[in-house]
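After this come two complexes, each holding subunit A, first together with subunit B and then together with subunit C.
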Partner chain A sequence: MEALKKSMSTDERQIQVRFVTKQEKYALPEAPFSIPCGIKADLLSVLVNNLLRETRETGWEEVEFDFLVCGEFVRLPLAEHLKLKDINTEVTIDIEYLERFPAPEPEDSLNHDDWVSASHCFKDWILTGSYDNTLHIWKTDGSHKTTIPGHCGPIKGVRWIEITGSLATFASVSHDQTVMIWTVDLETYAVERVHIGRGHERSIECVDVDKNSSFLATGGWDHMLKIWAATSDSVLTTEIDDGENHKLSTVNSGKSLRRTPLMTLPGHKEAISSVVWTESNEIFSSSWDHTIKLWDAELGGLKSEIVGNKSFFCVSYSSLNQTLVSASADRHVRLYDARSQEGSVVKSTFTSHVGWVSTVCWSTTHERLFISGGHDNILKLWDSRSPNAPLYDMVGHEGKILCADWSNPSLMVSGATDNTLKIFRSQA
Partner chain B sequence: MATASKSAKRRYEIVENKGNSEDVDDIIEAQVSDNADDSTDEESSEYSGLEDDEEDDSGDEEDESAWEEASDEDEEDDDEEQDMSTNEDSEDDSEDKVAPTAVPIEQVESSTTAEEPAKPVEDEYAYDSSDEEDLRNTVGNIPMNWYDEYPHIGYDLEGKPILKPKRGDEIDNFLRKMENPESWRTVYDPQTGQDVVLSNEDVELIKNVMGSRIPDGSYNPYEPWVDWFTNEVMETPVTGRPEHKRSFIPSRIEAMKVGRMVHAIKMGWMKPRVPKDTSVERHKYYLMWNADDKSEDVRRIENPIPAPKPRLPGHAESYNPPPEYAFSDREIAQWNRLADTPYQRKFPFVPKRFSSLRAVPAYDRFARERFVRCLDLYLCPRAKKMRLTIQPEDLVPQLPKPRDLQPFPTVCSMIFKGHKGLVRTISHDPSGQFLISGSDDQTLKVWEVATGRCFKTFEVKGTVRCVSWCPNSAIALVAAAVDNNVYLINPGVGDRLVQAKTDEILKEMPAQTDYLIPQRVRAVLTWNEPDKEQWASGFRVILTHFKAVKHVAWHSKGDYFSSVMPEGDNRSVLIHQLSRRRSQLPFSKSKGLVQCTLFHPLRPYLFVATQRHVRVYNLLKQELTKKLITGAKWISSLAVHPGGDNVLVGTHDRRLCWFDLDLSTKPYQALRHHGQGIRAVAFHKRYPLFASGSDDCSAIVSHGMVYNDLLKNPTIVPLKKLRGHDKFDDFGVFDVLFHPTQPWLFTSGADGTIRLYT
Partner chain C sequence: MGPMKKKYEAGEATKYITRAQALKKLQLNLKDFRRLCILKGVYPREPNNRKKAQKGKLDKKTLYYVKDIRFLSHEPLIWKFRDFKVFMRKMKTAMEKGDKETVARLKENKPSMKLDHLVKERYPTFMDALNDLDDCLTLCFFYSTLPRDTKVPANLISLCRRLTVEFLHYVIAAKALRKVFISVKGIYYQVEIKGQPVTMLINHQRGFKPTSASDVDYRIMTNFVDFYTSMLGFINFRLYHSINLQYPPKLPGITVKEDATDEDAVEEYNELVAALNSSLVTNVPQAEEEVQIDEFPSAEGAEKLEEAKREAEAIERLKSLFKGLKFFISREVPRESVVFVIRSCDGEVSWDPSIFAGATYDETDESITHQIVDRPSVDKQYLSRYYIQPQWLFDCINFRRLLPVEDYFIGANLPPHISPFVTERLGDYIPPERQMLLALQRGETLPAEQEEEEEEEEDESEDDSSDEEEEEGKVEKKEPIKSQVVKEKKGMKVMRGRVEMPDVKGMEEEDKEHYKFRELMIRNKDKRLYRSMMKNRRNREREAKRLENKRKQHEKEEKSLKKSTSSGKALTAKWSIQPLSATSDTQTKKMKMM
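And now, the complex of A and B:
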């Protein structure tokens, strides 16, 4: 309060502002205020809190606010922000305020024997893959449930397929060029390898499941995007298989674990680094050949392409706002509009990492929030309205972050080369 | 005396009567025309022939007149004679009177006693033309019978009618004829209507003409013959021989002379004499004290600089300076203080007041100041010297800015840590997913590029000098030079099928039934099978050499590879064929310490770098194709452009030489950007980039664009110096390597790390 008064008392240049909000409970009367132009977001927050306290007679609890001017968070002193945005300070400026996204809190650190290169949350279960060729299942409370050996190469991607009752299926891909589908009984933790998918000629980098949990898409160093049946029962496989079907069906009827891809989509010229299955049965695949390609998963054709100028390491798609964020071989996170036709236009660039960004992941509940992890050991929480500064830096890792996941809206997990998986609890 | 005065008087009259004196011809003509019908007159009939002649010879008038002049002169002489003779025979004076010329009869009659007979010496040219024939009558050339009925015969110059003279009747005329002895020589002038008495000369003339003789009576056609040109031989002959023909033909010698001159003029040897330029008046003297504002006209100096002007005196120099210029005590103190350095003083003198100019004493520094001024003038620059100003920057060719040449590696993105010794060598797998490094800690490590993970470690016994991943993606093999051995190792990463196939191929030695290993090769090398333990750890084939192997290089097809033993003398280079397990020694002679060999990426050539030269051998023809002269003392490394026509050579004496094989065997460009010897050079397979790593712990990335156009030389632009490695034992960067597909650079250093720059 003193700081506010102090800053008010100094004879700085004043600017006319009007506070607006979309959150009903914090609404203020629409009267313009004259505030010093050098004010920062924290003081603005204090100011708005005071105003709210005056309007509400009952007891008022302090709320942290964030302020948006012209669709961007105020991170600098207000005058500088306005100057950067090239806004005339003579007129009354609308400042939108909203409750600040609460800081995620570090919850747990799950220790592995080797680098944690893949992770996926589903409800209370965390599935991780490690460079020591093992998969691990954890509960969100930090208890290690089981270790699953089976792969003979470092795991590069894991994905829960579905959990029905106590039976869960998940897929894992590895350097050993196989994709494996497993079932696990979540009470006894008895794990069974249902299928081994062979077809990739080099190490597989990524895996994703479609929304119906019936297909898997994988991509790897053989530049191919392959689609597999995700179901654990072999019937569907034989039904769908049409190409090399005859031989395959006999194999499947012979209760073999083996499974071959339903579809192979060639097109990339370099390793595929990540695949994302959208709601509308399309696949985004990012590659080292500087492109993100959009495939039609049903027809198996290339629909469109986004060309960048760096190798892409990770891409994430948000079904809430139909945009893509990508991590590439530099320190920027780039936001693309998946719907736009011109495709390759970078809508905004998020710069705060100091090393390569290795992974990005959209929030499944907030349409503007995503996390990114990089080789600078920091997991960052971003709001798409704040391109120059992240909302929060989540420090804790002591090695390069290799994977991050925010599938469970309340949990952000990240695995790194320090052999740990860190769990941050998201408050919202 | 009387005769003299008479003659003078007569001359006067002649001048007076010039107008009256008539051309004889006219008179005659008039007479003839008048008496045309009078055929009875014998004499007049005689004239008719004359008239015809006259008319025919009208064009000869001039000649005639000339001739007349001559005759006049003769007449004059005659006059003289006659004058002289008058004294002697004055009795026939009367005859003399009329004899000289035609005089109007009245005049004759009236002045017979008073005047001497007029001998007109007339200038007939005065009225030479036919237009102004007889100016006494202005009627012109008309038939005079038109005036028969008038009392006058025409008009004189004043326009007054000329009255016909009274002519008596025929009897009177007859009587007068009878009485007058001169009547036979009297003719009628139809123009004036008067009778004219012909002189003796006239009569003579007429007679001559009528007698077909030469009219000039004085001309002697029978003069004695003077034989100017005789047939006699004379001592100094004057010949009448006509001029010889050659005197009319131009001279041949002169023609040659002229020809030579013409040639000389054409060639510019001979120049026409420059006419003296009289327009520019050369100053013999010039104004010494020229106006100050004009530039000095100094003939010796072109473009002279006017001499610096001396400072004009100010108020301080005045003999009566204003009081403020007078020195105050402080100023005087300062003046005295600066006695040692007088040039720092404000003035070279102390301003003083004098009551009058008279009282000003002599200036003691005058001579010195003049001298200093002269020195200044002597030492000042006198002429502007035009110098060619070339900035060093202008000589440097225009290179594109590095910013425009992106992408190229700029920042260190990853450090591969794990080796405990110097990492001497690195190599990547064909896809760029993995990297293998060889170190002095006697290990080889396989790294995943994307994460920096060490996948595998191979223990070897000895320092790893060189590793090279087989470029054929159908074979998973790495060749590593360790001490005397070359290990072929299956790295166990990448495509499993390929790994298995490779193992299958290498499992059994192909049968060497029909092939006998040459003695020379057998002494150098043996192909060994690894034992079980080694096989399990990845070793597939071991080639044991007789000397330490420093370098291995694969052919792009992946079947052949070469190994280099610098100490092997003439057996230092070996080429091995993997599929048949055979080796050959391509060279029989030692050309020096071989540093490394490389295969041409496209054609069957082998690059062999010795200490000073790089030799290019054609492997098919088995001959030397080129010898690249680096000019360096010690070549350290070699790299061939993927196009095959450009070679990079790094040397220990800090030089990086770019050779364009199509251009020359000398370096196209030599770059000296490193502070210490270069250890490694590398080309990028796709991007126009090359890099060099040096002992100064830095790697330099440069842009090296090679054009398909043969006329266009490669563009070389140094882009970025990448630092990061630490120095260890005076070693910095050992190896540089580009990622096969991305614009990324790997460097391995003496500090045991490998760095990835992106």
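And now, the complex of A and C:
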């Protein structure tokens, strides 16, 4: 407060601002204020708090605010921020303020026997895959439910397919070139391997399920993107005609049904590092050949392509705002709008990691938040309106982060080479 | 097998011809050949391969293009040379015989040459002639100042004088003067004609004859001057008509018949013209038009447009720099250059009537504002005028503004006369006076005023910022502990995201490494050139530093001397532009002009 008063009394240049907000409970009268131009965001927060305290008679608790100018968070002193954005300082500037997103709380750390390379959450359960060829199912309170061996190589991707009642289906891909579809009884934790999908000629890197839970897309080191049927319905399996003998089996037969891909989409020149389905039957695939390709799954063809400078390690698509974030070897996280043809495809670049960014994941409830994990052992929470600084850094891993997930809106999980899966609870 | 190809039958061998062969072909003697080459603009050429060009021989002969010599052979002037040779032979025999009638008759019918067709042939357009005007003017000015007893025909000297005076009148009327520089050789003027800069050198008038006059071969130069006088005549005519002046120049109010028998009157009239002090009669009464600079919307060249506008405005100011000022020139000051310079910038000037004709007012005139003096002291000083040294005029023109007169008072140690013709290269030493000139040309505000303002601001802000720093220091100590870690549990921490500060030093080092790598990649062919280029650059920088240190040393000494002297005045004029203290209306007007 003292610093604020002091800075306001100096001969520093003053800027006219107006405080606007979309959150009704923090509304202020829209009168312009004159504030020194070198002010920082924390002092602005103090100012707004004092203003609100004056307008409310009842007791007022200090709330931390974040400030946006022209759709971007203010992280530098205001004058520098305006200069960077080339905003005219003579005009009255509208500063939007909103309550700061609360910091996630560190919750738990789940120990594994080897590197945790894949993770996926669904409701109360967490599914992890590790380099010791085993899958694990945990409950969100940190209790380990079951270990599932079965693969012959490190597991690189896991996905819950669907949960109906107490029966759940999930898929896992591994270096042993197979896709395995499993079912598990969520009360007894009895696991059955339902299908083994063979078709990739080299290790498989990634897997994703489509919105209707009927198809799987996998990508691997053989540069191919393959689409598989995800249902374990016996009806579906008869539709496959590839000349091989299928043995129809029911869920409880104990024999694994061999499955072959429905479609193979060549096109990438290097390993495919991650795939993600969109809501309209399209697939984004990122690869080490510096491109992200958009495929049409129905027709089986390439729709468009985004080219970069370095290999991409992960992409994540948000159905809330139809944008894509990518994790790349050049330590930047980029936001793309794949539909737009005009201008640059990259909408923003988020720079804070100090090494390769290995994984990104959009929030399923917030249209602006996503997390990214990198080889600098830090999991960062970003708001898409603040490209030069993340909202929060979640420190704790002692090894490179290999996977991160935020499918459960309240849990951010990340698996790393220190054999642990760390869980952070997000407050909002 | 077909006919064998012999050496030196094709290519360079057939392109060149030696001087002796050329003389033989044209049937001229060396003197006439030289004259012809000068008049036609033909020069000897350097072949790429001397052995081939000279058909195997390796002696150093002067070579001309065969085509050039063929071109010369069609020149009708050759017949004039031969006529002249014949005339000389006849004259010689007649004079030896003592045959006065024949001599008189021959003299009457002396063959004469006109060089007009050469001018038209060599300069098909006016701009071509303007390109060559530098040398022409310099030689003509030189010849106009030659004493009569040199081996140069007297009428040529007076012709040169007339032509140069006409040219100076044009410059005054068109207000074309742009740059002046006084040097040892003479005074350099740069004049702008139709957008083309023309630089001429007018040598100093010396009372004594230049030594070793016998070494100079005036014959060759006279050949050049013959051609240049015709050329300058044409150019003057064209220039005069382009600004609607009558050519030959007429002074208003005075009529002299062209074929006047009274030689003194003609001489007097010529003197008046040469005085450069009155405006000439125009053909068409000129209406003053305010020409507005066209605005061409251009996407890229916005800066260039600004610069060009500024330049045009500066030149407009220069044209009427001395407007309203009345000058008087003392007897010891070289009159012509000062008069020319003052009149080119719209000033009024006069001098003592006993030294030259054409004085309009004398020393006792009350409305004189400046008197140009070049002696250590003046007995009687009028209060209403400034007594200044002539360098003030030249410096004002180069700076394109009226400089403070105090630095140029009688007996003052003058500031250095900076040459406007120098373009500094990268790394050269730029003296502070020149820096000031460049800054003014770029349109920056007067530095002295700005410095004062800045100093005041700095003082104020310094007091405040020191207080603020103490406060902030206290606040900041709490902040890192508070804001960094928000949550912590089980060895996992959640921290606020921070903005990454760009690593300036690291980037710089990386850039340096990249540069060194690129240096390694230069091809071997270019490496030598690159190394010598960088070496020269470093030498120049070292030289510039040395000069800067020398200057700093000098200024320190001056300061200490200034402190020790009782009067408190600096011995050297400190280069600062300070507004004059207003004492009269005219002076306030001058201040506004500045």
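Just so we're on the same page, the second predicted complex is superposed on the first by the 397 of 428 C-alpha atoms of A that agree within 3 Å, B and C clash if a C-alpha of one lies under 4 Å from a C-alpha of the other, contacts with A are read in each partner's own complex, and residues count from 1 in each chain.
As a working rule, a residue touches a chain if its C-beta (ideal position, glycine included) is under 8 Å from a C-beta of that chain, and two chains touch if they have at least 3 such contacts.
What you see is a predicted model, and the numbers here were worked out from it, not measured in a lab.
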Fill in: Partners on subunit A (subunit B, subunit C) - clash or fit
clash
Worksheet item: After lining up the shared chain so the two structures overlap, which partner does A:391 touch, if you call subunit B first and subunit C second: first, second, both or neither?
Response: second
Worksheet item: Where does A:405 make contact in the superposed view: on subunit B (first), on subunit C (second), on both, or on neither?
Response: neither
Worksheet entry | subunit B versus subunit C as contact partner of A:329, first or second or both or neither | first
Discussion item. With both complexes superposed on chain A, which partner does A:108 reach: first (subunit B), second (subunit C), both or neither?
Written reply: second
Discussion item. Which partner chains sit in contact with A:282 here, subunit B, subunit C, both or neither? Use first/second/both/neither.
Written reply: neither
Discussion item. In the overlaid three-chain picture, which partner chain does A:380 touch, first (subunit B) or second (subunit C), both, or neither?
Written reply: second
Worksheet item: Which partner does A:424 reach: the first (subunit B), the second (subunit C), both, or neither?
Response: second
Worksheet item: Between 58-66, 292-300 or 526-534, which run of subunit C pushes into subunit B after the superposition?
Response: 526-534
Worksheet, complete the sentence: The residues of subunit C that touch subunit A in their complex are 460-461, 464-465, 467-468, 471-472, 475, 479, 483, 486-500
Worksheet, complete the sentence: Contacts from subunit A onto subunit C in the complex sit at residues 2-3, 6-7, 10-11, 42, 75-76, 103-109, 351-352, 380-382, 386, 388-396, 422, 424
Worksheet item: Mind pulling up the subunit A residues that touch subunit B in the complex?
Response: 115, 117, 131, 154, 175-177, 201-203, 221-222, 270-271, 273, 288-289, 309-311, 313, 329-330, 355-356, 375, 400, 402, 417
Worksheet entry | Sites on subunit B touched by subunit A in the complex | 407, 413-414, 431, 433, 450-453, 493-497, 741-742, 744, 758
